[in-house]
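In the two complexes below, chain A is the common chain; its partner is chain B in one and chain C in the other.
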Partner chain A sequence: MSSYITPEILKGTRDFLPKDMAKRQTVMQKIKTVFERFGYDTIETPVIEYAKTLLGKYGEDNKLVYQFKDNGGREIALRYDQTVPFARLVASNYQNLPMPFKRYQISRVWRADKPAKGRYREFYQCDIDVIGTQSLVAEAEIARVMADVFQTLGFERFVIKFNSRRLMNSILGRFNVPPEKQIEVIRMLDKIDRIGEEGVTAGLKEILPLKTIPPLLKVLFFKGSITQKIASLKSYSTQEIEDFFRLCQEFGLDEKFLEFDMSLSRGLDYYTGITYEVFLPDVAIGAVCAGGRYDDLCGLFCKEKFSGVGVAFGFDRIMVAMEQLNLLNEIRLNAQVLVTYFDEATLPNAFKILTNLQKEAINAEIYFEPEKLSKQIKYADKKEIPFVVICGPDEIKKEEVTIKILKTGKQKTIPQTQLTSYFNGYVFS
Partner chain B sequence: MKNNLKIAIQSKGRLKDDSLKFLRSLRLKFTVREKSLFISCTNFDLTILFLRNEDIPEYVGRGVADFGIVGENILAEKENELKVVQKLGFGTCFLVIAIPKLSNIKTPNDLEGGRIATSYPQTLTRYLRQNKISATVITLRGSVEIAPSLNLADAICDLTQTGTTLREQGLVPLTSLLQSEAILVESPFPKLQKDSFLSLL
Partner chain C sequence: MSSYITPEILKGTRDFLPKDMAKRQTVMQKIKTVFERFGYDTIETPVIEYAKTLLGKYGEDNKLVYQFKDNGGREIALRYDQTVPFARLVASNYQNLPMPFKRYQISRVWRADKPAKGRYREFYQCDIDVIGTQSLVAEAEIARVMADVFQTLGFERFVIKFNSRRLMNSILGRFNVPPEKQIEVIRMLDKIDRIGEEGVTAGLKEILPLKTIPPLLKVLFFKGSITQKIASLKSYSTQEIEDFFRLCQEFGLDEKFLEFDMSLSRGLDYYTGITYEVFLPDVAIGAVCAGGRYDDLCGLFCKEKFSGVGVAFGFDRIMVAMEQLNLLNEIRLNAQVLVTYFDEATLPNAFKILTNLQKEAINAEIYFEPEKLSKQIKYADKKEIPFVVICGPDEIKKEEVTIKILKTGKQKTIPQTQLTSYFNGYVFS
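Moving on to the complex of A and B:
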């Protein structure tokens, strides 16, 4: 009787207890509601795929794909992100899908990574994409969705930073930066927040001729409003960024949530047009959402070309940020009412009360044993159930019911017929 | 009805007579007929619409009526952000929480966990949240004053001018949520002829 299995989980994976799950589900539901408000439907792909479907798509990170041989000796891989399975799904179903096709997807992915703070082996990804259109209205819509998500979650301050890959190419081309060096230059520009303009200048000296650097930085780090910035770049290809900004405004996006930032360098080798990243000025946690326009989603799976635009929300980071800003304080667990089990004789009446509450869509449960009242109340307290309903022989005789409000300890006796309306009208302050 | 200016006023109730008096004070001429839903002014391109109190913000908010005369209490309840042209100085009343004379409730905090009957659920809910009081709101369309004596509520939240009705039901005011008077409101949509009406004020 000594060899129990240690109840442990893998590093980089997590258990979530009811309170945490209530928070996560509330946040996830709010995000979904916004996606659905814009007409996005969801899809699901298998957790396991043929290894060949996933391998070779993630460059350096291929080694982080979880792989194994299944019982039949097949080479299997675990879902590493949602984009590659989405591309695979589109390649085999595009004839049946409405085009343009928009979908949201929230599911778990696995990475054989070394766990660190904020880096997990199992976590959720939360993506939206629109494919099959080149229209910048799609970019503007996604910007609106991002803004609506962060507003719906209760963030007062957030910034959607955007840039245009096309514009960057045009500027760097004009300064005679050869294509193979452009990525290096953009990576260096991205460090501006950490190392400042001097640091960037020093870094660029390694890549570019000295005399190019000051005029280039003058163009890129022009200070002013979005309109002024765009105006200062008139001699480059600003059409895309101009149209995007105009569409965002016409779409009702407040300019205070937008920032045109030419140091943004997200997914250089992947994105081809507008790119975006969302930051929360009140929480130092990095980007909480990012993405952009890409040219060819399904290139590896079929000859059809699908241009698209999409973003991924960093669900875990959003949770941390909301926790820090106290935006998750009011989340309640499921049961709102505990009906006490007074004794055998009154049990049928307790069941009746319970059923009536449930019929009115009030989440309620009954205690399983006729224990002392204090023990039943303790249970409610631990489960964060706000109300306990007590209906003993005295109350039954008078057709009354007593409600104990756990937050204050106050008791209130009312006619049994008013019980459901009491809870339905309750204002939690 | 042609596309002229329209002003919505109460079809019956405590603001009706004073609203008509106010319009006459602007030298508008019209004859009120019993039960008519709208009448036209004879000396100005304006139609007066007679509507239910609570519907007035709706009509003005959608631009169906260009102006409206309504109690501030209604505007607060509808949470309609209409532009207030001016306060009209009549129809003054208070939205109060009142309790039975012999109630255990002595301060607003004693309302915690209680039942409050009202025709103003939004305004009451806002008050409860602001004052961190949790309680049950029972929404009734009218005759709110009798709810405590029937054990439907522990308190009520209702309009009072002089307090007579409250006293008759054995109720006393506990606290006042807002003071209200009649106000002239304007629709958010532009219309050329609006200015000609505003210049009468």
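Moving on to the complex of A and C:
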């Protein structure tokens, strides 16, 4: 019997090895760079909080929140999302925060869920919000941020679908749908991608008088450009959607990335204005980003009302989509150069070469033992280090150095003094 | 009675607001850049693991590990340190990892501890290790990494104290200290900074024969340069310490940053060769980095032996020290420019200016509402945004733009076409 502990992890949690991490970090960094380009800053909240804080929103009995008692008998929970802790932080700090407050947050959350393909117990959320402004410029800016993120990540095709809660309320009111039934109707409309117009019609028959349905669907599913759709709705409250679309255009957002979609129902209980969802036409993976305007971020924690606009990017879905579209192929580990050495006598020279490369901001490493060159090269191969520098006794005597390019197998001998400028000519990515 | 949830967090956990985060992220990024410069890559392990995995090392009854049962009755724990999960990951993946394997990890750990000043329930660890090599080049490289980190962070003075377990064993053996008493002696020696040589002598009297103590201390506390100290020990096993010191020098590590200190006892149960601790002479905060050579990383999980060298940087202590030494003063939030606007008519032009700045990789933002200029400037002030761009109807007509430098209050009007090149001349941050 072995007395070793089996080195296993919980289902729904993941280890990330260096190559995974290189990809994930590169993608995260690109997303962060876009957020920061627009002046968004990050915050951090604890992973463990009082259960009453984290459960406030989901109801005491929410089984999906990891909960436990600590040694002092306190009821603790693991962060379930980033929105509630953000609201809690704002409620206790708003007097010291610049308003409007623009923040992003990329961190892990936990769900005591049954794991399945693409459903994890521990995963990253990637949120961006601006709060403390009613201006539609915020909606337009967040739309620009979404477009910039997907363009920066290399997606050629993506669609930001948007809708307006105010407009929907106006239309449904005009069709005499009572307020308590509007939510049911909107939920049914949202199913159109799965069940088609016929399915939606059948579903609506359970909710609305038969004669209401065809004219309502005619209004909602009018086909045409965004401008044509808005024009077709001119007898309803279109101010919000018109202003939003105009601001997006003024903000330089290409219309080809936008789609006005009145079947979008997203987050009915929370969102109050413009809502959006982003889809990738080339990958069947569902929405990769979603959110909208809400009215009262901190309602659980204080009487001050903070309206805002926020979206969440689906980091894991984005990774899957990028993998499928071969957008991650060029990402490698950190080291660009392996400096080899032969024996104790050639080691000081190898150290010197290494240090000179590093001084020029080139990521480089030295093999730890004077092994056979073939073994050292095998190590470089395994880490996908593109260049191997060889400098044996002969080369040291001539003050030269040999560079081997692993991809092609070609090698080249140059004066040692030219080594760093040789690599500086390369664009490492 | 208010029905609001008090927006409070657990003692020993922390919220980080944008200004804190800007500092923490800048420091983390600098540390990571050094690690990556030497070809270290990062990994990530789950925050929640099976309790048996995380408790293996600390004993079943370790009260400092946060533990709970999940909905499925599984015994779960929160990551207590990064070493055990790293060992667990290596045990299940070593066949696919390049060997030697060089990894760093900067992430949070949890301790069910009584919080106190500088002692948290949730905090960052920052570890770097190389495993799978016995070569002392690894010890020298990690010493270089430590020196590069503290230099990169801007510390002018720091001392890497080092010692050799093999040498200590050799000396104590020669003084006839039986193996079971060596640990007690080493622990007593480690107290010299707090209780002085007299205190150590008194303590050693409890452990060793009186006549052994003065000659032993004479050997251990010999004063002189590293070379002199090593020379004074030539009748003991000095090979390890000699080779280490020589390799450090060959690797370009300035001797002024090194101190051979035989009172260093660090991690007696774990470390087997060279050990180190880094101190900042200008800040009384204890060791800011520590570690050494160990023999058997994965002993809990598999029979394969992985020897390695690793150190942990005390991230929170480093932040405190940098704050004290004013090394964080220059770090600001992300936005460098605030673009203001006056009304709906001037908004499209403001969008254009903003987009042009962002295209040149300048982090910039637009105020969301056409408020009075003084209010927009107040916002920039609060976020410490250094530049405000003003472009009213007159300026638009003349195709000009006014730049206000908030620090000096000075302003300057230039053609709009020159704006991005104006900012490109500045070095931000």
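One rule holds for everything that comes next: the second predicted complex is superposed on the first by the 421 of 429 C-alpha atoms of A that agree within 3 Å, B and C clash if a C-alpha of one lies under 4 Å from a C-alpha of the other, contacts with A are read in each partner's own complex, and residues count from 1 in each chain.
Please note the rule applied: a residue touches a chain if its C-beta (ideal position, glycine included) is under 8 Å from a C-beta of that chain, and two chains touch if they have at least 3 such contacts.
Keep in mind the model is a prediction, meaning the values are calculated, not measured.
In the superposition on chain A, A:405 makes contact with chain B only, while chain C stays out of contact range.
With both structures placed on the common chain, the touch criterion links A:312 to neither chain B nor chain C. Taking chain B and chain C in turn and counting the residues of chain A each one touches, the greater count comes from C. Contacts of A:131 after superposition: neither chain B nor chain C is touched. With both structures placed on the common chain, the touch criterion links A:106 to neither chain B nor chain C.
In the superposition on chain A, A:188 makes contact with neither chain B nor chain C.
Look at A:71: by the touch rule set out above, it reaches chain C but stays clear of chain B. In the superposition on chain A, contact is made by A:421 with chain B only, not with chain C. Residue overlap on chain A between its contacts with chain B in one complex and with chain C in the other: absent.
Contact residues on chain A toward chain B in their complex (touch as defined above): 403, 405, 407-408, 410, 412, 414-415, 418, 421-423, 425-429.
On the chain B side of its complex with chain A, the touching residues are 112-115, 125, 128-129, 131-139, 151-152.
Residue ranges of chain C in contact with chain A, taken from their complex: 4-10, 13-18, 21-22, 24-25, 36-50, 52-53, 56, 63, 66-71, 74, 76, 78, 88-89, 91-93, 96-100, 102-103, 108, 110, 112, 121-122, 130, 133, 135, 137-138, 141, 247, 250-252, 300-303, 333-335, 338, 347-348, 351-352, 355, 358, 361, 363-366, 368-369, 379, 382-383, 385.
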